[in-house]
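Listed next: structures, encoded as structure tokens.
Both of the next two complexes hold chain A, though its partner changes from chain B to chain C.
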Partner chain A sequence: MSADVISRPRSPALPAGTRGRPRRDRGRVLRLYLPLGLYLVFTLVPFYWMLVFALRPAGSTTPVPWPITFDHFATVWNDLGYAVFFRNSVVVGLWSLFVTTVLAVMGGYALSRYRFRGRTLFMVVLLCTQFIPGAMMLIPLFTIFKTLHLINSLGSLIVADTVFNLPLSIILMSGFVTAVPFSVEEAAMVDGCTRLRAFLAVVLPQLRPGLIAVGSFAFIHTWNNFLFALMFVSRQDSFTIPVGLSYTIGEYSADFGALAAGGVVAALPVVCVFAVVQRYLVHGISAGAVKG
Partner chain B sequence: MATMRRRAVPYLLISPTVALIAAFLVYPIGSVAYYSLQHRNLTRPWADGFAGLDNFRQMLFEDELFWQSLGFTAKWVIVEIALQLLLGLALALIVNESFIGRGLARSLVFSPWAVSGVLTTGIWILLYTPGTGVLRFLGRPETAVLGNPGTVFSAVVITELWRGVPFFAILLLAGLQGIPGELYEAAAVDGASRLRRFHHVTLPHLRDAIVLATLLRSVWEFNNVDLLYTLTGGGPAQVTTTLPLYVAQRAVDSKDFGYGSALTMAGFVILLFCSLLYLRISRFGGER
Partner chain C sequence: MKMRMAGAALAALALAAAGCGSGSGSEESGKTTITFWDNNGGTRTPIYQELIKRFEKANPSIHVEYVGVPIASVQQKYDTAIAGGDTPDVGGVTTSYLANLVGQQALEPADDWLGKSAVNGKLATPMLDSVRKTVPDGKLYVVPNTSNMDVIWYLKDKLKEPPKSWDEFFTDADSLTKAPDEYGYTIRGGAGSIFQILAEMYSYSGLTEFFDSTGKSTVNDPKNVEFLTRMAGLYKKDTPEADVTNDFPKMVAQFGTGKIAMMHHNLGSYNDHVEAHGADKIGAFALPPGPTGKHTVVANPVDGFAVFKSSEHKDAAWKFVEFLVSQESNSFWNSKTGQIPANTDAQNDSWVSGLPHLKTAVETLNDPATAVVSPPYYLPQFSSITKADTEPLFQKVLLGQMKPQEFLDTLAQKLTDAQAEWKKAHGG
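And then the complex of A and B:
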């Protein structure tokens, strides 16, 4: 495709100085490694500082966590109820992940493969929802969940988080579906598969990156959502991690070890998920943007 | 019969989504409009009833905090977005280059995006608190930066940058990856300097991505309540209260749903107006 580009003579045409080794290396350091290094410091020092507080004994002021202690983790996990918060967050996160992904596959497939009346309207509505502030939906959603007897239940969080995750997930997923050529599906149908079987057997496996991107997106958003959990749940045994953490910030502001350990518990799952799926996410946004 | 069924397939596929959006997004917006015309306070149910435009009159003419929060919201969004665009673009350009360890570098610099607002607050309280923080290593006098009206703005802006720049960079990186490499090769062959290549190849191709990213992030920063709610609580002396934060405080703390709904309506109108204006001015998706 770009063979002619590659075979073009390069070095003679390039401006003098950009190809010579020493100049080029110094240029790369100034242009690339120095700013990247500075930015990495800005990114990582806060994480490091949290780890230091979480791992060093109370009262210590050394900038290195030594000797290491896990007392703070025991405190937050057992005494402050983080074991329960963690379980609640996992339940809400996984349910929202599951429902969001299934509905996103359905919606994304419909948007990508069918031209139906109302399709444009549906797209516009999905985009418009991105302008709806979660904070401003607190009042009406509270009233609705009260009517449905879902206040103080994790169900309210699963529903609210799923609804807010869905629109962007569908748009992303339709980009991924479009990237799977229709011909593979057609071939399977010619071989006698129903459309559903063709989808499950041929398309779904190829949607793996999309499923990963959308699912992790939904999980991270749900795991992090604070306001809904704060508003809809007031019983401590239904708290999620962010709400628990906000109380730790408020009530135990002198106990930085507990605050930091709680922070590590809150960060660990999402940062791990993110590290694994980061490349799918960038790819997914490209796919969605190309489509959009 | 078969075609009838086939035609129904896309509608069946989107029906659960449509039902969810109708029930939990569209209907609530309608009910906000309704509540905004009502006196409705969960702590004073005996005073509930039709209010007419009372809530709006109170908001526009009696509530100084409404205007103050609106001013702060504008300042907050503009400063955050300008800095996030600048740093996010630089970061995206850097991690778009090929170098050893790029995957790891990307994961690391993007990672704060996955962190919640509340956790960001927790982390930065550790950094900002006098006696335990890192300001002493920077040769700064030990002041409570979050409690001082003179420093609190810079403090919250930097904190939000830590979490906000990565997503901006992710959006722009996605845009950068859509630019065909041949264009750079051709520009280089023509002897265009790095700066000229950036100006004539990168920027025009990124234009729509930049417009979309700034818009999405502006809406997001406008709506962003978690961080300010937990980091400053809108203080000191309400100087860091945004409009949505003010709504959240009214809703969560004082359970004043009628007045909170009027504030919400104001927020909707302002956000919608600004978004449309921005899309118009930037001629999004139009000819270059």
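And then the complex of A and C:
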């Protein structure tokens, strides 16, 4: 863990009698903080407007959400069925995260540690699957799921999303496994561990950034998937959040308050996931990128 | 710590597993279950839920399973369901994509059923004609529920008297524009722009056919070109600059700020305007008449219900359709959405005359002098021609990068070619 933390030299102590903070380096402010501040404003303004629309009463045109109302949240949660959609999204997202991560670890380990005929070709094929848009696979997947009696169940979404998440996840994970020296695993086996035991005891704990990166991507991709959620499900109680969001814009009317409130509900779990795991995520991506 | 995390993960998956189980349901025993897909799910969902409750009370042996399909994806949803062989029993369908569904032989004709139905003779003839004209074999594949009409919405505190002609309209748009941010009009320059400009052009020119006797499109008629030149001239002068990307939600949102005096849309956005301004602050007038002084209306798509060919419960499905277009249900549905009922008895209900914008629309449509122009919804390419092919070109017209004549010539050529292809395919 300590290797993940970059230590920064401490600032020299202020001379006795000095009051307030040391003078800022104006050049640093202009070079670093000003562009970052502008970028932050550019990025956050849409979120601010989403919050304003979600929290101010319908018909209000004020740029601040005052007086605050939670009516739009009540509308999406109760009238539009977000209570059910949210639960379904959580179910599909967690299952997809779990299955994708487990399979990606197994596939990534095999690709990293074993040399077998067709390995490179397999990697290329995995990459190529990323170029096929989901819409092209709709009809074949629909037919397969219908044969398996998975249409209209959350199972179809879990399977479809997992399958689409897997190629990139396996490639990413193989990079993370490669970054763990095989000699460490060998040492564990010399000490009497089986290969599985050595993997679980020695390799897996070191894959934590990779597990978090792959799991987060799988969850977020599944959480946001609208196409599969609408096409493979035709039951009102099995739709997910993205379908619910599209309910707020009708043919002749648009409920912006509900749309914004729905957007907040949809974005909140993703923001929370990122807030918790971003430290591992950034480290994980860079580790996988240079050692793959 | 690790144990706690593992416990939390397991608890989450257990919850997930519980959720998976609850996602599937079983049919109620002894009841016929039919599935109904609402083609504009969301805001209309509570209306259908109420109607289904009433229907199930009157028909205890039938259970209706409601599915709300978002309007933006309904065509793709139907296409996927048809290809996968998993269509609903009853679905909401509009004439804008009816030809596509009929082309895939997915729908059951309603002519025989209507002949024996209690609602026979009670559905508005123009709507029935519009549905029949959409398909090559002239059969009734959709039972009309509602239709719409284009109007110009205006703020009463800005515009005291609605214009009686297009000349007056252009004068008003100019005089109501006040720097820095008040505008007389807003143009729909983004998604959906072509239908609106077609409605305006034919209303101005008074042309009553989309094609002449030789099959050539009338879209580039000199009067239409004249109108488009005048309308494009309003851009940035009497309209916001952002209009070039205006789609329906942006346009309604702009009008909702109170900075725009007039906006062209149909009756369907009534509730949005009431929410933004209050019912007493808004008014609507039919698109001004052309040179003859008579109204020319480009017919909006008719929205209704279709029974799918693969339905295993067609009797129950037709029963449900009959219930939905009966006077009481049709009146209830349209009073909630602010649109024109298909049931003629419902058109005479008191709530229609109580809503001035709807009264205006019904009076205009029922006026014998009004000419109704039917767009060629039956052309398989109509949607792509009026959307993907020409919407970007219309934006070029607004930005001054393309001449109105050139734009309309392009549009006319595409429609003429599509019409010729369609005629050839259907032995015309």
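Definition applied: the second predicted complex is superposed on the first by the 231 of 292 C-alpha atoms of A that agree within 3 Å, B and C clash if a C-alpha of one lies under 4 Å from a C-alpha of the other, contacts with A are read in each partner's own complex, and residues count from 1 in each chain.
In the analysis below, a contact is a pair of C-beta atoms (placed from the backbone, for glycine too) under 8 Å apart; a residue touches a chain by one contact, two chains touch by 3 or more.
What you see is a predicted model, and the numbers here were worked out from it, not measured in a lab.
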| item | value |
| --- | --- |
| Touched partner set for A:S183, first chain B, second chain C, both or neither | neither |
| Contacts of A:T147 with chain B and chain C, given as first, second, both or neither | neither |
| Touched partner set for A:E251, first chain B, second chain C, both or neither | second |
| First, second, both or neither for A:M231, with chain B first and chain C second | both |
| Contacts of A:A58 with chain B and chain C, given as first, second, both or neither | second |
| Contacts of A:A110 with chain B and chain C, given as first, second, both or neither | first |
| Touching partner for A:I139 - first (chain B), second (chain C), both, neither | both |
| Of chain C and chain B, partner touching more chain A residues | B |
| Those residues of chain A which chain B touches in one complex and chain C touches in the other | 61, 138-139, 142-143, 230-231, 243, 246, 248-249, 253, 256 |
| Chain B - residues contacting chain A, complex | 7, 9-11, 13-14, 16-18, 20-21, 23-25, 27-29, 31-32, 35, 87, 90-91, 94-95, 97, 99, 103, 105-119, 121-127, 129, 132, 134, 162, 166, 170-171, 173-175, 177-178, 181-182, 185-186, 188-189, 191, 193-194, 209, 212, 216, 219, 222-223, 225-226, 229-230, 244-245, 247-248, 251-252, 257, 260-261, 264, 267-268, 271-272, 275 |
| Residue ranges of chain A touching chain C (in the complex, touch as defined) | 58-59, 61, 79-81, 87-88, 90-91, 94-95, 98, 138-139, 142-143, 146, 151-155, 158, 230-231, 234-238, 243, 246-256 |
| Residues of chain A defined as touching chain B within the complex | 2, 5, 8, 10, 13-15, 18, 28, 32-33, 35-36, 39-40, 42-47, 49-50, 53, 61, 103, 106-107, 109-111, 113-114, 116, 118-119, 122, 125, 129-144, 159-160, 162-163, 166-167, 170, 195, 220, 223-227, 230-231, 242-243, 245-246, 248-249, 253, 256, 259-260, 262-263, 266-267, 270-271, 273-275, 278-279, 281-283, 285-286, 289-290 |
| Chain A contact footprint on chain C (complex, rising order) | 12-13, 15-16, 19-20, 23-25, 35, 37, 40-46, 65-73, 76-77, 80-81, 83-86, 88, 148, 248-249, 252-253, 256-258, 265-269, 271-272, 275-277, 337 |
